[in-house]
Amino acid sequence: MSEVEILEYRPEPGEYAWTFGGVAPVRRVRPGTVLEVWTEDCFAGRVRSERDLVSEVCEFPFLNPQTGPFYVEGAEPGDTVAVHFVSIEPARDWAASTTVPLFGALTATHTTALLHEPLPEVVWMWRLDRANRTCRFEARNGSWAVDLPMDPMHGTLGVAPANLEVRSALVPDAFGGNMDTPELRAGVTCYLGVNVPGALLSLGDGHARQGEGETCGVAVECAMDTVIAVDLVKGAPCPWPRIESDTHLMTTGSARPLEDAFRIAQADMVGWLNQDFGLDVLDAYQLVSQAVEAPIANVVDTNYTSVAKLAKRWLPERDVFEATHRRLRSVADEYRSRQR
Amino acid sequence: MSEVEILEYRPEPGEYAWTFGGVAPVRRVRPGTVLEVWTEDCFAGRVRSERDLVSEVCEFPFLNPQTGPFYVEGAEPGDTVAVHFVSIEPARDWAASTTVPLFGALTATHTTALLHEPLPEVVWMWRLDRANRTCRFEARNGSWAVDLPMDPMHGTLGVAPANLEVRSALVPDAFGGNMDTPELRAGVTCYLGVNVPGALLSLGDGHARQGEGETCGVAVECAMDTVIAVDLVKGAPCPWPRIESDTHLMTTGSARPLEDAFRIAQADMVGWLNQDFGLDVLDAYQLVSQAVEAPIANVVDTNYTSVAKLAKRWLPERDVFEATHRRLRSVADEYRSRQR
Amino acid sequence: MSEVEILEYRPEPGEYAWTFGGVAPVRRVRPGTVLEVWTEDCFAGRVRSERDLVSEVCEFPFLNPQTGPFYVEGAEPGDTVAVHFVSIEPARDWAASTTVPLFGALTATHTTALLHEPLPEVVWMWRLDRANRTCRFEARNGSWAVDLPMDPMHGTLGVAPANLEVRSALVPDAFGGNMDTPELRAGVTCYLGVNVPGALLSLGDGHARQGEGETCGVAVECAMDTVIAVDLVKGAPCPWPRIESDTHLMTTGSARPLEDAFRIAQADMVGWLNQDFGLDVLDAYQLVSQAVEAPIANVVDTNYTSVAKLAKRWLPERDVFEATHRRLRSVADEYRSRQR
Amino acid sequence: MSEVEILEYRPEPGEYAWTFGGVAPVRRVRPGTVLEVWTEDCFAGRVRSERDLVSEVCEFPFLNPQTGPFYVEGAEPGDTVAVHFVSIEPARDWAASTTVPLFGALTATHTTALLHEPLPEVVWMWRLDRANRTCRFEARNGSWAVDLPMDPMHGTLGVAPANLEVRSALVPDAFGGNMDTPELRAGVTCYLGVNVPGALLSLGDGHARQGEGETCGVAVECAMDTVIAVDLVKGAPCPWPRIESDTHLMTTGSARPLEDAFRIAQADMVGWLNQDFGLDVLDAYQLVSQAVEAPIANVVDTNYTSVAKLAKRWLPERDVFEATHRRLRSVADEYRSRQR
């Protein structure tokens, strides 16, 4: 169809953003545009074999390169940008994971500061079978190998922060960022509250798959060919990132300790049911208490991220964010029909 | 089959246990026994209408009555008792939930001590349709009603604690107790490390269903007719409760802050893969990081509970706890065949 | 003076209590009694040289022996017992400290469960110069030695818990217990809410001195000759342990994470100013915010303990707990005059 | 003396910095310079009476105005800037404090997200008696008034952050910032690791006094006339802010939960004793455990701040940071002798 505007953007090595905020936009996009982008892996592509230790080949703070930022035309503080993931496809037939000294959930870190020596630094190269949709894990010390289902997602998606801040691309917070939730897969729409004119949207940190919590701090990291459809909901604030799939509504919270991340996500879900579905606050509290799923996203980043997930079929039939998810679903269908 | 020993136990009102430890056993059971028990709801059956406020009808510390404890013959410290849930069936056609002053994830509490007044105390009576396997939520303030799937489970299952302690039945910890995880449903086997001779196993706190996190602190609480098969694994310690289903291995951790509960469960899963499946510790760390699900159990009790859940099909084929789950599965089949 | 009743109690090796609650009283004491007791160190006296590693010479759960419990005549739930420390004197000329595997603030622990190996187990023997009131630290690995001021205190003081519980003597909570605050020194009065008839008071865990936080988990541990005066305030509840000195009021909170311990102590101080000093809640909040000291007690035990400390001279002149501190001060004076 | 270079800087209303990083320097200073500055209060001077509610008169994110940043000549990443507080004097005879909706330790907040309504917003105007060095608290609801000792300090002092970040002036972290510790008073030297060329030092948030923890989130806030002496230690990193007084060494940590802030500060103190005083790591751990004070700074900001404080007299006699504190003490003396 003629209505779908398509923009392709593949950054050159020097064109990544390393922060949310503080970076000039690489492109301007009109609401409704489909963006075909390429994202590099979180190591900036420098971990390519088992010998490539992060502490040796990577250079702080040049981790987690973001593709963008994109200036969304018309976006103003108080609006919400919607990002629908049309497709997320690994761009290579390998991915890498690793322990990183003083980073991860089961190790001393820079903030959980202890007197232990760091754990050993080990790299795992994962083989991706894009035809069969699998990722192969091979033990480094032993012979066990297993194919896990591929479940591509983006660990990082965000806009420029509020409060004049510029945050490292490693940070998840109210502006989105490095949330590392497996729920950010193809087919969902993510809503992000706008803090600065143009929103300044960027994304990166593709994972071929990830466990809930991202326990060692690093997923199955790979470059991605990703297609998103971007839209704008004027006059609708979104205090923390929300996600909508065909079947579920999701809210997120990013904070420490982890119970605060949980509280943010759950309270935002209660508030959402109250404001958009007409449920009394305490009725919403009760329904959420019995109906919600609470998949952990990450327990390793500067803030931990918790997701609250509720089936739409258990809620009054209402549109949220002006039915943007359904609309972007149509845009995605049109886009796909044109690609054939 | 003749091998299955069946013991029925239905406590009289004065026969509940309110603690783990510190209570004389109500029955002795031989390993392999099938127990048919009845458990009262967490309110001791006193919340029967919307007018029954916990603060008025319940009497601390007589909350969360436990059926038991059962003395498992031959159980000694260093062993593990296995409890297979054959069936968990609501014993009434209604269940109750409520807010409780200064209890829950989205309120000031006795430990998250703030200057706010408590939230209002409201009761929701849920109708259970046991034929259609649904629980009906009805808004108290408004007209919304919805049927959620029934998913019966026990919030509380445990043994006497270590260290000479006696703990309230409201507490989850290494001895099990009030973990409040929806994973404790029919078909799974829960492993609990033994701390005292006879283990002193008890259970209660049936939920017709529960959201992950049990956000308001109270699930869809109901009395249960429950059948468990009990077994003993000699000489096999189990530091924190573990759960096995036909398809998954699960570990649990209960602590505060929530990230420590997460760490306990994840570290125990890494250790389990290392000890019983022959994976190197760091290889196990990597596999868990990419493969684990991390459903939150509760973020409201004296300790918060986190679960780590791993698909067996992704692991080397090995028996754990001497194939007790498979054996108790058979016992359950025999029991069911006899019931017909 | 004739009014002071004095009771001496020195436990035999088999007479220690290892828990709060669950133990029969060793003596009955009338309110107003002065108790002369001896307390063993937290290692049950088994660490006597640098070669005595806790993991080898101590036997769980037989750690932190308590002297008591004492049945306080007339004490009922809802009352408060007051314990005034008349004197706390090291009973030996040495004390011991040590690292303990998987215990302490700067190490992986059983709940902050990580993949590190435990830190090395090292014992430090401290020499106590009771005449000069110093404790001598000597480096194990190197030649540095320094005399620190002796500042004797009890790490543990408590009553039987509420809710039918029995808790390890290693636990601090609302019933007192192993709070490990240096504020519990001679001259102060500690108030503890009564949960069971007779209160069942016990104490132990003498420290020749301790840093705030007890960072490695173990203080300068020594046996003590201690004199306390015990009193009872009828009909006055005390939700968390409070401490009164000649110059300060103190509240305590024990919980995890540490901010909850802080909140409990600060909220209890605000409530105390509101109830006993007539300040409006928000005025009390403001005054506390600008005037309180917040010395950390411990960040290592099963619950962390935070203290809020406010100078009496900044408050309206009022008696708290029926002027019990002043009264026990007089009892102490009488006792001392009799000793000469 | 002629050696002391003095620079006076009093910002115009439009010249404040609202962030650490991301702001062009207002002046360049040579190491050794004495800076006479004026800092506005955290409300940007807009709370001037009991009717001035923060939610009405203040405009996010224009809170906590900083004076600076100052470009310290020669400062490079890997160096440390030293800031000696020569004097901190309230610039007005009044100060303000207030509750702020959803901010503070004893209230629901944006991250400890609960379903309570915010606490009431109340302003307290404090009268400062600069001659008698007192601050007068007057109850808003009742007649209690009391003079507390004036103890002027700066809540905020920092440099530009690492990792390309720009942080709100409300944030405390490794770069310093809004630590809110009463230890930052006249007579101490604060060490801050340099992250960007010139360091970009700024300061603000004067408090006439503050309780430990800053419980309600707001201290006795006032504009300040402050004199600092700035120096540079080449080639000496400082991972977290450290403070030196004539008598004590102090380390700080800022993180959530509060135990992580504690761990950072304590581990940095252990490391400092190891590196600069020649103590073995475990010997340092032991000495710190028995000798440290741990005054809480704040439990309200985006990160909580904990301080570890150790008496110099208990350590081997060594200079730290090339005796910068002693040198700046001399500079301060020279400055004062010139002022007379």
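As written, the chains take the letters A, B, C and D, and residue 1 is the first residue of each chain.
Just so we're on the same page, a contact is a pair of C-beta atoms (placed from the backbone, for glycine too) under 8 Å apart; a residue touches a chain by one contact, two chains touch by 3 or more.
Quantities reported herein were computed from a predicted structural model and do not represent experimental measurements.
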{"item": "Joint neighbours of subunit D and subunit B, given as chain labels", "value": "A, C"}
{"item": "Chain located farthest away, centre of subunit C as origin (C-alpha)", "value": "A"}
{"item": "Chain pair with more C-beta contacts, A-B versus B-C", "value": "A-B"}
{"item": "Whole-Å gap separating subunit B and subunit C, where each centre is the average of the chain's CA atoms", "value": "35"}
{"item": "Length of the line joining the C-alpha centres of subunit A and subunit C, rounded to whole Å", "value": "48"}
{"item": "Geometric centre distance via CA averages, subunit B-subunit A, whole Å", "value": "33"}
{"item": "Junction residues of subunit A - those touching two or more other chains", "value": "106, 112-115, 119, 256-257, 263, 266-267, 270, 282, 285"}
{"item": "Subunit C - residues contacting subunit A, complex", "value": "106-108, 112-117, 119, 257"}
{"item": "Subunit D contact footprint on subunit C (complex, rising order)", "value": "97, 99, 105-106, 119-120, 122, 124, 135, 137, 139-142, 144, 146, 148, 209-220, 256-259, 262-263, 266-267, 270, 277-280, 282-283, 285-296, 299, 304, 306, 314-316"}
{"item": "Contact set on subunit C toward subunit B in their complex", "value": "18-19, 21-22, 60-61, 110-115, 162-168, 170, 253, 255-257, 260, 263-264, 266-268, 270, 281-282, 285"}
